[in-house]
Amino acid sequence: MMNPKFKNVFIRVLRRWVFIFLGLEILAFSLLGTNFLSLDTLQNILVSSTTVLLLAVGETFVIITGGIDLSVGFMVGFTGVVCAKVMVTLQAAGTTQAMAIAVGIAAALVVGLLPGFINGVLVAHLKVPPFIATFGMYGIAYGCAEIICNNVPIHDLPSAVGPIGHGFLFFWVPGKLFRTFVEPSGLSSIDLKHLVSLVPNLFLITVVFTLIFGFILARTRFGRHTYAIGGSIDAAERAGIDVKRHLVKVYMISSFFASLAGVGYVLRYITGRAPAGSAQVLDAVVAVVIGGASLYGGKGSILGTFVGAMVLATLVLGLANLALPTYYAYIAVGCILIIAVLIDQFSPELVHKED
Amino acid sequence: MVIMSAAGEVRSRRVLARVGRSWALLALLLMLLVFSLAGKEFLSLANYSNILLASVTLFLLAAGETFVVVSGGIDLSIGFVMGLVCVTSAIVMRDLNAAGASQLICVSAGATVGLVLSLIPGAINGLLITRFRVPPFIATLGMWGIANGLAWLFSGGLPIAFLPSAVHKIGRAYVGYYSTKAGFSFAPPQLTTREDILSVVKIIPVPVLIVAICLVVLGFVLARTRFGRHTYAIGGKMDAAVRAGIDVRRHLLKVYVLSSFCAGCAGVILVFLSNAGSLTQFTSNYELLSIASVVIGGASLTGGRGSIWGTVTGVLLIGTLNNGLMMMGLQIFYRFIAIGIILIGAVLIDRSFPELLYED
Amino acid sequence: MEPILEVRGITKRFGGLVAVDNVDMKVYPGEVVGLLGDNGAGKSTLIKMVSGVYCADAGTIFFDGKEVKIDNPMQALKLGLETIYQDLALAENLDVYSNIFLGREKLKRFLGLVKVLDHSYMLTESRKVLNRLEIEVPSLRNRIRTLSGGQRQAVAISRAIYWDAKFLIMDEPTAALGVAEQKNVLSLVRTLSSQGVGIIIISHQILDVFSVATRLVIMRRGKKVAERITADTSPDEVVGLIVGSIPGDVPNGDGSDVKLSPVGASHAG
Amino acid sequence: MKRWMMVVMSVVLVMAVGFGLVAKPFVIAFMPGIADPFYFTMEKGAKAMAAQLGPDKVQLIVGQYPATWGPDAQVPLLDALMARGDIDLLFTAPTSTQALIPVLKKYHDRGIPIITVDTYLGDGDYTKASDYSFPLSYIGTDNKLGGEVVAAQLAVLLGGTGKVFLENTNPDTSSVMDRERGFRQGLLGFPQMELVGVEYCLDNQETAQAQVANALQLHDDLAGVFGVNVFSAQGAHAAVAAAGLSGVVKVGTWDATATLIEALKNGEVDFILAQKPGEMGSLCVQWGYEYLASGKTLSVPRKIVPGFFVFTKDNVNSPDSQQYIYSK
């Protein structure tokens, strides 16, 4: 009926609809919005998507194995509070700023592995459904975070935290100066207006970790085994993969990324707050699903997740640029999510005829 | 000898399995005992009625969710469907009231509109899941956002006030009142002093009674009717249900409509309880709490297991825990930890007891 | 001649149910043994213990003359003990060659630093094994999900063959296949046994088993009730033994070994 | 002749510039803290003032309302709003006293004047030199003072004696914590009054209702309840009314939503402390416009406190007080 070659192309395009959608989104907002197609907006999209993107990258691993990790939302708050608390305590104890910040970040990343380990053991060894195990952990992490910070945001962090979180890789005043990492000080207000800041630090960090773990998922044995477990846990087990161990690692990756998001939160907002990130957990799942993953497991990719997160961030910020009433955003996200899965359901498998 | 000991073993295993199955009930009783001993004010009729009143909406949400979970699905939209229905019902009641319609018409029209409206999200969920094979998690998560957006759109983000006075009268009514001073009456006695008011014994809040009736009906449907049997069959093994000639698509559609309808009932009851139409707040997590109650009540998220009775126990466990810990002066944040631990513990206990092989 | 695989007194319980009760069994190199029994007789459980999916509650396993402990599938695979399961155990979301190499992926160095999957090597090797067995699949890049039942079976077999199995367990290898495909599989079994591979074959299709197996082991309710040389028995007797209308050699499984003197060694290889 | 031409040209030029100014109004942006009736009312007040000044003078752009409280919800939306590039002045309610400092500083450095409304940066004192003193002005309620006012009002109703309970919402939010501090401070003036408990409902009305019902259970001589925001107040009054104790247990609330006004009329709430969000929004636009129109030379007060309006049964129906009811 349909020319097979054309059909193949059609299937390929359909499978990558999300890229097209992102393009259309940007186009539409550029036409309708005010100054939407600008460096500022672009970098704002990149920065504001970091929390969701980080959570989503970790969540991608979990979802590919056929699980789900709800705990990541409050893990952001939990690790953020730990990070901020350590920094503040060390600073009060008189250590140097660099030391306080480094130890704070390290502490958050290390402590962040523990809930993931517990989740993994519950899911893999004790056969608790992922939804329940991680929802339980969600409550526990939130409660613990509130206790650590005594219910109030942790303020007065070392003064170097803000410049890191709001910093950029490059600073450039056209025709005048070019710097990396350190924001030029003492600029005149005219120069400040022309100052171009490129590549936000937070996005840089996010991208580095996203690339590393994207590589792991796509190219290594670990990644292949993750897919195999999601495809058929029996097949994986009988092929000699240590499924339990692998699952524990996967949940630890997820909570590691949540910790990264927690650290990112502290750097950007110079505050440790227990409820931080709680609103982002479902957004992260949405980003993963828009990126082509299936909640039944076995499917998904980091590139897809990245684009999914961008689709979400562009949508939210595009609507904000238009200054439309807020409820449009809720309805739009809900609709896009369902459409994403519908397209995915109805696009056929790509069948190769020859090698 | 051999046969005897085998029979003995079977019996003891059966007892063990029973205990394992109904551990939530035992935990609930234990908790009631501990809290009653720990705090003097816990052990009182008024406090039990408080626990029940505070759990009214969760009872309904969780009961609807039970059907979905037993069928092997999940419904995340219920919390916001409740908010949407609550707002819509209240708007209808307010506008009819302002237009001068009688109280009866205002209230019944508002409730009817809300309940009818609640069928729509469920129908859409069900169609997406059964006809278009969208995973339940995604379909209902999409509806989660859409219902919330619509509730904002309708209400403008403000609570809906100036409802007919019958609303709060119904919402705060009890089935009967008894006091030494005024005797027994169906209407609240007109008392002024604190001592007199506190001395009134109030028998069963009307919303609790309504919810109890709903729960009995739902429990009957799940446990005793063909509809219920089919729900278990689909959750247990979808293929087997299809081969047995059950119209699975149609049945699942009904299950999601039922779940949404229960959320609608909760929304309407919330109008009466709070005398206002309020949006569901983002931080409320009703859907997650409902699922937690269902699981604590012994259901399995892979489907095929669960009961309304178990879910009621689960909701009561959470309600009692909240109430008791509050009475002991613990802050709300500790309760998050407690519920998280109980939830995981529930499943662990469930896993560590043997299956009940023989029903009698 | 030494048996390549021997199990002694192997037992597995699930809760109160004894799925496999004190079973002994031997297979010699190049021998095809048929494992027969009704549903629930314990055949699958027995071979899952040998292939490391289940841990035996009691008993010992000898492989190639040495006592071995097989706690997980990887250990079985390392010994050269391959299994093709009834449900095939393929990851349907992965493509053909990824399944052939699942769990034993070929790696190469990326930029001389990190080990990554070597797709081209795995592709060519997979093509070789499929050609050797004259198996046809549309493309090695297709996901298993898009293949037919026979094609999936072929992938599962080539997966086992590729790894130079010394011993092969086949659970219902012909159940999901068309007539022609069944014939291919059976001739494949003969080829492999002539190359000295020991094979256990489980099947409900007794005639299939009779056509390839040299020896038959019959199980009922978790116990091994009889052992026969194929040439010395008939399908009728075997059916009788399976359903219990003919009493077995060890009716109550009291562990007596009187009639189960080693047979088949002379027939093998 | 040549000179004459010059005169005409310069007149045309001046007029063109003049018309240009008239044709292009100042763009003032409002970034709210969270989607709730308080900020809706503020938007309404701001819009009214913008309309009063005229569309040729002020164009008001309202950012998207964040769904939850906190910088993580607010900052991306704020950045998206500012990236439009056409904004001349921003007034916003910072959701964190510290997280918003560098964010707003960035826009200040680009020449966009900032007014903080309802909440503030740092400690809210922009008169002394600090890294957060750059905003033009802080226009907002003194939450601590409000708490003291509520305490005093309750004390008057209770005759200066009795047990009171505080239903709060989230300890994470600085404004409600200030109210709690003020309330505690205010109670110190009445040694016979005792604060027997504080609960946090996390912006959930049902939770608030359960918590106040419990407090009534725990203290059968409870005399008064203070609900610090919309959700805690609505829950508190519902719990007291459900217990049949309206009038006996005095209920003081903060934020004048229609629901609470109705309850006040029914006698279920005894007084409502209303902030003046409409006035705040209106002031922001007015001062903002005048500052911009003066060529950014006008000296604007660094702190403006619009004060409160206390609704009681006596004044709730008077026409004057209707403007303080929150609405959209």
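Letters A, B, C and D mark the chains in the order given here, with residues in each chain numbered from 1 onward.
By definition in this document, contacts are C-beta pairs under 8 Å (C-beta built on N, C-alpha and C of every residue); 3 or more make two chains touch, one makes a residue touch a chain.
Treat the numbers as computed from the prediction; the structure is a model and nothing was measured.
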(request) Indicate, using Cα centroids, the chain positioned nearest the centre of all protein chains shown. (result) A
(request) Among all other chains, pick the one whose mean CA position is farthest from the mean CA position of chain C. (result) D
(request) Express in whole angstrom the distance between the two chain centres, defined as the mean CA positions of chain A and chain D. (result) 33
(request) Indicate the whole-number Å distance between the mean C-alpha point of chain C and the mean C-alpha point of chain D. (result) 75
(request) Would you kindly tell me how far, in whole Å, the mean C-alpha position of chain C lies from that of chain A? (result) 45
(request) Could you check chain D for residues that touch two or more other chains and list them? (result) 35, 65, 67-68, 200
(message) Quick check on chain A: which residues sit in contact with 2+ other chains?
(response) 151, 274-275, 278-279, 325-326, 329-330
(message) Quick check: in the complex, which residue numbers of chain A touch chain D?
(response) 33-36, 38, 40-41, 44, 47-48, 51, 151-153, 155-157, 162, 165-166, 189, 192-193, 265, 268-271, 273-280, 313, 316-321, 323-326, 329-330
(message) Applying the document's contact rule, which stretches of chain A touch chain C when the two form their complex?
(response) 215, 219-221, 224-225, 227-228, 230-232, 234-242, 297-299, 349, 351-355
(request) Note which residues of chain D are touching chain B in the complex, please. (result) 35-37, 40, 65, 67-68, 197, 199-207, 209-211, 213-214, 217-218, 220-221, 230-231, 234-235, 238, 241-245, 247-248, 257-259, 261-263, 326-328
(message) Could you list, by residue number, the parts of chain D that touch chain A in their complex?
(response) 35, 61-65, 67-68, 70-73, 75-77, 79-86, 96-99, 101-103, 106, 109-111, 170-172, 177, 200
(request) State the interface residues of chain B toward chain A in the complex, per the touch definition above. (result) 74, 128, 132-135, 137-139, 141-146, 148-150, 152-153, 282-283, 288, 291-292, 295, 300-302, 331, 333-341, 343-344, 346-348, 351
